[in-house]
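Following this line, the structures themselves.
Two complexes follow with chain A in common, the first pairing it with chain B and the second with chain C.
Up next, the complex of A and B:
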């Protein structure tokens, strides 16, 4: 029996439906993007949006707002959402854990500690320069969590607990360091909210290679993960190199999450919710799940950013806080609904 | 070795090891407290202590000992004991050392409550913290409830609540002016700076009020640590008992946070340490209280020993607690307990 025959019944039944879903989601993404470009403190019309994108005129205020503020923000939110969605789908598939999420597994906590150390020791205050420390801190924390959690053999509860423990430790250390210097606190307290305020095209450009590489590795890992979800032995019997698959998936996760943290700070829960939405629309096959997760993730973060920017807290609520407010209840609902059943 | 105490028809069995351990812990605690009284930027000699206490000594010595060090040390002991008790109650009941109130979100709730109170009233940090801890605990318990209180649901719900509350707290801190934010950052990690006799009265009065419940709960609590079917077989009504333990544990955590701030890892580390000292299946609460008090006092004394800067005790409890946490996780995983 092969992997494809095991998943075939569901695939063949709903293949067209899935394409329809994906098309609808992409359409929604387009509409939401246009809304994100036009809405704001200064509402912008169709003509100006089109003009700003095609024939940019640096003397028009509307063009400047659309091209230099809303567009980078939109692209940033979309990329971050897609990256978090894909990495969440990978983590959940790899650990067969419906509650796995990059933030819950310590990556955000590690990145935060790295950033505080960076501000404190190196005196860096420009968020664009946090990239490497955020990546390093996140990597260190996630390795620690995976080692403590028993790696890929871990059961869901154990992995989450290891993540919570390491996060608590890193949070305490971060808070301790923040007491040492007022300046550090002042930079950190805005970074930690996670959002797309004042994101620069240059930052996006420098992170794009990481995101593309991460996405490619995610797709490559997807082929092996599909078989791995049937169990270690079955996957080996099918000729999948399980160790290599996990390594590829791990590298993809670290690249995608690290680049996101570097771009937008720690964003909670997006990686948790999105794959659930994706599986609900697309079924368990990892390839579809990755595609849907990318689109749904972009949708979620663009919507969160737009909502926070327009409506809540006087139009001044960061996307990271928005996703935490949405994601916490979703996590609790998932726990209530099916506990920690394995995927 | 077991000793049996008899009083007409009542008899209590006491293990000698438990008695010895408790005596040892309490004497270490007493010695540390005495040492802490003498240490500081204005050294006092142990020999002078009695004289100062009975009204002698210089005015400065009087002030240092009676107005500063004694209330601070007594508050540290009381808050630490409350943290330790609360942690041990949840950990024993849930049969999981990770189910301590600081891990399952109560500290985050207290922090968030304090921040909200600060935002709304410009003060009222303590009432805000207590309200935050109580509301969080109630909500987490209700959400995790499902014909009983399954440990994994409580822990996961608590972790989720913790993340949300931390995000809200981060948001609030970013909305404060720099001075208030710095003050709150100090409070948020837990400190015993400038405690007065009113703090002592609060924490010890609270402990005294809860003492009967603790004495009553400690024996069924030990049996709650067994498997469900065994405990039910022994004729225990699990759910009411769990609710009583949860309620008492929450009150203790709120008491501790309101006097010392959300000190990280004290509630968490005290239980496992106590459990190492007390033989399996024996009431662990007294040892947990003593361990919590000792950790807190040691951390605060270390914080006072650093010259020039006023470091909060929470920095040091994190430094003590974090290795315990890692060690515990590894031990638990190796045993296959998780």
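Up next, the complex of A and C:
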């Protein structure tokens, strides 16, 4: 990647240093993945892990645990983390607001309402059956936010207001429905924490196209957003089609975040803090920031899922809870050390 | 309150005399029962409640309590719907007793103003989860009956549910007769099935590695048949005393002589693809029982009306599951398509 086309004059880190950082992060990701495959309630040796990956025996309990339980969780958490990180970086750049979160576009609120309606009306209790309603609800809500926010002419403030209003409305509707049905609440309260319990390979497969398309659009949008961060007029002066850039970025956020919420529920916090970690390591250039956000996001969620299922706090803790427990202190440390980096 | 009683040493001899005395009095009670005098005083976790006269407008806040009232021939003015598709929240085993009555259906959280507007003269609240604050408000509206302290929110045994409601409604004799009959049925089943005595059994929701403990009404159902049921976990792992959770990666603790999967009728697929299920002894030896929506609800209500239904359905399934011969097919499990090898 030609770094010079994506960087801004005021950025301070050299490309070499960033490559070193990225390499270290990728190495950490590999080590963490191995740990995620080998640690858990059942002790598994190296031979079992290797055997499960290369010569899978469907009758060996250790193979089943590695191949059908830990591996899908690992892949799911990695993909979700990367997607949330990238979409967080995009929405913070697009709204030029360091506190923006992909959930702000109404995706989480729409998905939650979809899921609750699905439980209440259809009586579905199996989270594997939620993915399409969650995705559909998230997409519908985010389209509403974009329209209210001014469509391709959206200015950051109006978009944030529209997002907050639609999210609040959907949340209120969700709560009203939950109040009616105790059974619905029981299913919903586990979904809403967000996590990778019992994630199915088939779910991962069917959401993969959305994630790939989202990632491609994110990279394309990154070029325009770099200029847009200098201001609307400057960007136009540089020949960037600002409306198209916003639409592309918006579509990328909706695809990435919508697929994640469908896969694992609304995992709060990761989309907010991962871009901050990425900017700390990479500087403000959006191209690097996207790459780092993807890797850091995967690291955070895999670590959260691993710690959550290692019988912390007397049993299984959902990854969505753990991201806040791990990410919170990291964010505070970053802010205290550097201040929030300007967008 | 229990603590102070335990703490004061001088009351102990008195208490030890009181118990046989009370038993003696209880034994004499049926002689006078035709009168069933009011007021009655009932002890519970938040103190004592006095019911001054026979109640006629009963609001049942208990998720299962309406079954118990109906068993006593009392139709509640209002009841709390737990789940299921019936518009009045009553499952099929209660339909005859409900007749053409149309009780007010309460859903969701307890709305105290709405209850006050109903002008009840008894609020039945065992198995309702009401808090001390809610009790303080509700008891100003009408005599309110929470569970005993030792039973907790959802642990009241069905006998206690029924006897206490019987006392509160002036139907203590009827309640005692029902308890005697159903306990007799359990005793006959125990005698007829020596192989069940001390065998391990467990009830879990389909596809989950969480099982009810001996303290839960579903655990109590199994112990009444003679099975041994997991106790509540000690220490930091105990989220509550009514169920216990096992790691999905190592469900070896669920390898029991009879494993009953409860379901709302929608989790067959989830159960079928449960990762380690087909490595368990319960699966290989055909010791799994799939309880459909109706049977699961009957077990979860464990009421005088639903227990008969549950026993009718479950006993043949238990006989097939615990006979030690993997070739014996548990019919409900076979019908759900959950047997090893899809059949045989």
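Heads up, the rule we're going with is that the second predicted complex is superposed on the first by the 275 of 343 C-alpha atoms of A that agree within 3 Å, B and C clash if a C-alpha of one lies under 4 Å from a C-alpha of the other, contacts with A are read in each partner's own complex, and residues count from 1 in each chain.
Quick note on the criterion: a residue touches a chain if its C-beta (ideal position, glycine included) is under 8 Å from a C-beta of that chain, and two chains touch if they have at least 3 such contacts.
Note that this is a predicted model, so its numbers are computed, not measured.
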Which superposed partner A:238 touches (first chain B, second chain C, both, neither): neither
Touched partner set for A:320, first chain B, second chain C, both or neither: first
Chain B versus chain C as contact partner of A:204, first or second or both or neither: neither
Residue contacts with chain A in the superposition, chain B compared against chain C: B
Partner chain(s) touched by A:182 [first = chain B, second = chain C, both, neither]: both
Touching partner for A:104 - first (chain B), second (chain C), both, neither: first
Chain B versus chain C as contact partner of A:42, first or second or both or neither: second
Chain B versus chain C as contact partner of A:269, first or second or both or neither: first
Those residues of chain A which chain B touches in one complex and chain C touches in the other: 179-180, 182
Residues of chain A defined as touching chain B within the complex: 99, 103-104, 148-150, 155, 157-158, 160-162, 164-165, 168-169, 171-173, 175-176, 178-180, 182, 185-186, 189-190, 192-193, 268-269, 313, 317-318, 320-321, 324-325, 327-329, 331-332, 335-336, 339-340
Parts of chain A lying in touch with chain C, wherever the complex brings them together: 40-42, 59, 61, 64-65, 68-70, 123-126, 128, 179-183, 197-198, 200, 311, 314-316
Chain A contact footprint on chain B (complex, rising order): 98, 102-103, 143-144, 146, 150, 152-153, 155-157, 159-164, 166-168, 170-171, 173-174, 178, 181-182, 185-186, 188-189, 264-265, 309, 311-312, 314-315, 318, 321-322, 325-326, 329-330, 333, 338
Residue numbers on chain C that touch chain A, as the complex places them: 82-83, 107-109, 207, 236-239, 245, 247-250, 264, 266-267, 269-270, 273, 275-276, 279
